[in-house]
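Next come two complexes built around chain A: one with chain B, the other with chain C.
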Partner chain A sequence: MRACESTGHRCGRRLGSLLSLVMLAMLFAALAWGCLTGGAPSSGLGQSVDAALHDSGVESRVTAVLLNYRAYDTLLECFVLFLGVVVVWSLRPYRPQHPDPPIGSILASLVRFLIPLMVLVGGYLLWAGSNQAGGAFQAGAILGGAGVLLLLASSPLLHVLPKVLLPGAICLGPLFFLVVAVGAMVLGGVFLGYRRETAAIVIVVLEAVAAGAIGLSLAALFRGSRPEETSSAQARTDALTQEEGQE
Partner chain B sequence: MIVSAFDLVLCLTLVWLAWHVLVSPDLFRAVVLFISFGLLMALAWVRLLAPDVALAEAAIGSGLTGALFLSALRRLTPGRRGERRVDRKEGGDDEGL
Partner chain C sequence: MIRLLLQGDCWLILPVILPLLGALLSFLLKKQPRLPGVLGALVTFFASAALAWKLVSHGGGRYYLGGWQPPLGISLRADGPAVLMVLMTAVTGLAVSVYAGGYFQSRINKRGEEQRHLAQERSFWPLWLLLWAALNGMFLSADIFNMYVTLELVALSSVGLTALSGKPASQVAAMRYLLVSLLGSLSFLLGVAFLYKVHGSLDLLAIGAALSLAPAVVMAMVLISVGLMLKTALFPFHFWLPPAHANALAPVSAILSGLVINGAWYLFFRFWQGVLPLVGEGAATLLAVLGGVAIVWGAYQAFCQQRLKMLVAYSTVAQIGYLFIIFPLMEMGPEQGAAAVFYFVISHSCAKAAMFLAAGTLFLQVGHDRISDLDGVRQVLPKTTFAFALGGLSLMGLPPTGGFIAKYMYLSQAVSQERWWLVAVIVAGSCLAAVYICRAVAHILSPRLVAVAGPVVVAASMEWSALALALVAMLLGFVGPLVLHLIEVAG
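Let's look at the complex of A and B:
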């Protein structure tokens, strides 16, 4: 093992780290220079955003950009998250060798207190998104966090949504977004071009559906493989083990 | 432009945390440092007057990604000796199924 670390090898590595240090120093110098001289001149898009704000249906500039001017990006983001869930669900299910310890009473009561609060905060962020900081992704993340907490506590609330409906509920976000986008194209001629009168209500409904789907997707990503009925999953695992044994 | 002492400390802490996340040989420690990096990064976004990004960073970048990392750490096959795991056991083989 020592032989491969010849002098030339070590020299090259030292040269590499020296080079990255020099580049790092240059980057910091450029950043410091930018900070001290007031930064790059603004591209001027802020004024255009402000000028069109009262046509967008919302009062927050960020929400107007995310769900009206550049709604195309948000649509694709929803599909990226959906694809992530599809990929994770196609993985082999994980079975821990040692069962989890039983849920403590502190965690159980914490979940009882926190879950309603998290749903409330998620709903508030969704609503606040139209005129201040907040929006579908933030609300969805809070709901996803609530889902993670439920999963950690293996709460009976998890069975409120039947497992058969879970894929449909996760698909609903991107699909609804797509339906709105195509609907706007059919009615107004522009993909994702909402009408001025209906923009506000369309954006709020779209954000609510998207937040729900994002929350479910994030919780599903945390859980890992696709939830199945225990008996059928167990049967499949047994069949797999038998096949491997025969080979 | 006056850079306040708070911003300076915040920047230095962020760089220090990022460095230690990358070089830490203990994966559990790296995940915990990553979560604290995300929370301080959210603070930095607030200082940059971007509360939307700060909310998303705190909720997704720090909270959910941290939870995902911890759950992934638990599912990883045991690595080098002496490495801390979430379920506090060393050794033992994991065949996946």
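Let's look at the complex of A and C:
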């Protein structure tokens, strides 16, 4: 009886995966049909982006789109990252079963060697963003990687930023962006409407602050739970786990 | 500054900025998150009301962010439906915020685990205010990529709120919700990419004006529609909704069922508004058939449930059907059709949120929500049970509630276009709703005293806010002309 049931179960699962395979194939065929029979694609917005470039304050098209023409999207994306940190911090802290292995000397010296280089590359990408490929998100990703390395090596550099200030530092990116946007509205009348003369400096400062906050948020996401909770709330978590078991 | 507020169009952006600011503050003030949370909700409510007043007195308009005109920049659009949705979010959102304040206080007071409840509240306020800002941004946006960004914010914050209760059931439901929601978002994004490839613009009005039935556009519309149907939980994509909505914390259930569902549906409506004249009868009828099945199946499932919150969640599955049976009716008279469905959306939002809030109050007082064991709870919590019953009346569509006006408009449209099968579905849906709601109400209003008659542990604000929302749902039965006037303002 039980064998029969399990065979049926397996059959059902195989049927399900077959069905999803067929549906994926159909989706692929439909996408190909849409792509191939669409006729000539439109030229996009490249020309109008170039035409307005001298008013945007930067020379890179990508940066002009991200931080001037469509800065509202970027503002909301900064809040997406902030939201990610809030969500991860709202979940119950994860405690590994085994203690972390001791940090090897290779990792420690690698970190000493790599961190200054990563900060340098991040800073360069940030600066390069104003006239070529680069910008806040790329620089933030490198800084985030540096943060992950520091966390892996439990580097003493982590204590440079007191844990009390961490939420404030993570907020700083979206908050500063919002303040700049509202400031532009109060001074010039339009939300996110920078003046042409000041646009360049505003964008560079905005990118620098955003890159720092992005790097910090990415490292915080890697770390997981809210820092001050993991040690002090150990007993509470234990009690909670027991209670969940009873429920 | 005052001059700016009086003259400028900045009213349009305020309902997005203010909750964002509130979210940051409530995240920073982690010892007292409730104060900036409730204040943020209050300020957002007034900004939304001011936007509605501005719309009625000065007409709709567009706001070019950064001063860049489309297609280069992003624009916001205020017209009747958009502002009505912002207003609906403001009314339901304010009531939920007041409720949440009392809810977390009662939970912190009730048992020994105050640390856990404090941690939940600390995360609730930033998540909820971010969700509110994203919903407002979604309603006001006129740019399809910006819609995707707001959709992402809504999805992520809803998932965070769903998982907040920490119970295993809610964690599983939240994970499933996350996967479904991501699939929907990506499908939507793929559709947006197709539309940009064909039209070279992301402005919805420009795309709508140039729309054709080229293969790539058809593909784009299918991808966008399927993605949004997944997020709206239209039958047969409803499987993720009941566990996610029923296992969340009480204010979260009200937010998810009363507001988040409407957000995804609103985008669906905006896209279909332009396409509908092109696609003809077939596609609209297919949507209506799915909606009709949702109405019957959701009602049947609601009737079978043993738990009150599961019953209310399945009733959401049924009510979503009404949002989709409108599409065949809109071919003849788009304006009347839109008026009917938006009336339905706002009255459902208030009624459903009130019912979820009331169910949460009962749960907190009694300690469970098994329908058969709730006999006599009326004697402990009269206001809450009254709010639940009143919300139920609006769902059934009995006069003098907002649900009645909406269903009356549906029926008159269907009769005048001689679509008898839709008439049958609407009437049957109302009867089925009456059956499952009466099943729950019969127990909670029963004169027998079986429920634990201990001291009242719930805060007064929890009872009053649910009652106020239920009264708004009833009041919508009296202010019909006012609301219809607002809907008809053009963008």
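By our rule, the second predicted complex is superposed on the first by the 187 of 247 C-alpha atoms of A that agree within 3 Å, B and C clash if a C-alpha of one lies under 4 Å from a C-alpha of the other, contacts with A are read in each partner's own complex, and residues count from 1 in each chain.
Convention: a contact is a pair of C-beta atoms (placed from the backbone, for glycine too) under 8 Å apart; a residue touches a chain by one contact, two chains touch by 3 or more.
Predicted model, so just to flag it, every value in this text is computed and none were measured.
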Thinking of the overlay built on chain A, is A:Gly134 touched by chain B (first), by chain C (second), by both, or by neither? first
Where does A:Val186 make contact in the superposed view: on chain B (first), on chain C (second), on both, or on neither? second
Counting only touches as set out at the top, which of chain B and chain C does A:Cys35 meet: first, second, both, neither? both
Under the stated touch criterion, which partner chain does A:Gly104 make contact with: chain B (first), chain C (second), both, or neither? neither
Touch count on chain A, higher of chain B and chain C: C
So in the superposed three-chain picture, is A:Gly44 touching just chain B, just chain C, both, or none of them (first/second/both/neither)? second
With the two complexes superposed on chain A, say which partner A:Gly16 touches: chain B (first), chain C (second), both, or neither. neither
Does chain B (first) or chain C (second) touch A:Val62, or do both, or does neither? first
Between chain B (first) and chain C (second), which does A:Arg92 come into contact with in this model arrangement: first, second, both, or neither? both
So, A:Leu125: does it touch chain B (first), chain C (second), both, or neither? first
If I apply the document's touch criterion, which positions on chain A are contacted by chain B in one structure and by chain C in the other? 35, 38, 92, 240
Chain B-touching residues of chain A, taken from the complex the two chains share: 35-36, 38, 62, 92, 94-98, 125, 132-135, 137-138, 141-142, 144-145, 148, 218, 221-222, 224, 237, 240-241
Can you list the residues on chain B that touch chain A in the complex? 1, 3, 51-52, 54-56, 59-60, 63-64, 67-68, 71, 74-75, 87, 89, 92, 94, 96-97
Quick one: in the complex, what on chain A touches chain C? 30-31, 33-35, 37-39, 41-45, 48-49, 52, 68-73, 76-77, 79-80, 82-84, 86-87, 89-92, 167-168, 171, 174-175, 178, 181-182, 185-186, 189-194, 229, 233, 236, 239-240, 243-244, 247
Okay, in this complex, where on chain C does chain A touch? 1, 4, 8, 10, 13, 17, 20-21, 23-24, 27-28, 30, 63-68, 71-74, 113, 115-116, 119-120, 123, 126-127, 130, 133-134, 137, 145-146, 149-150, 152-153, 156-157, 159-160, 163-164, 166-168, 190, 194, 196-201, 214-216, 218-220, 222
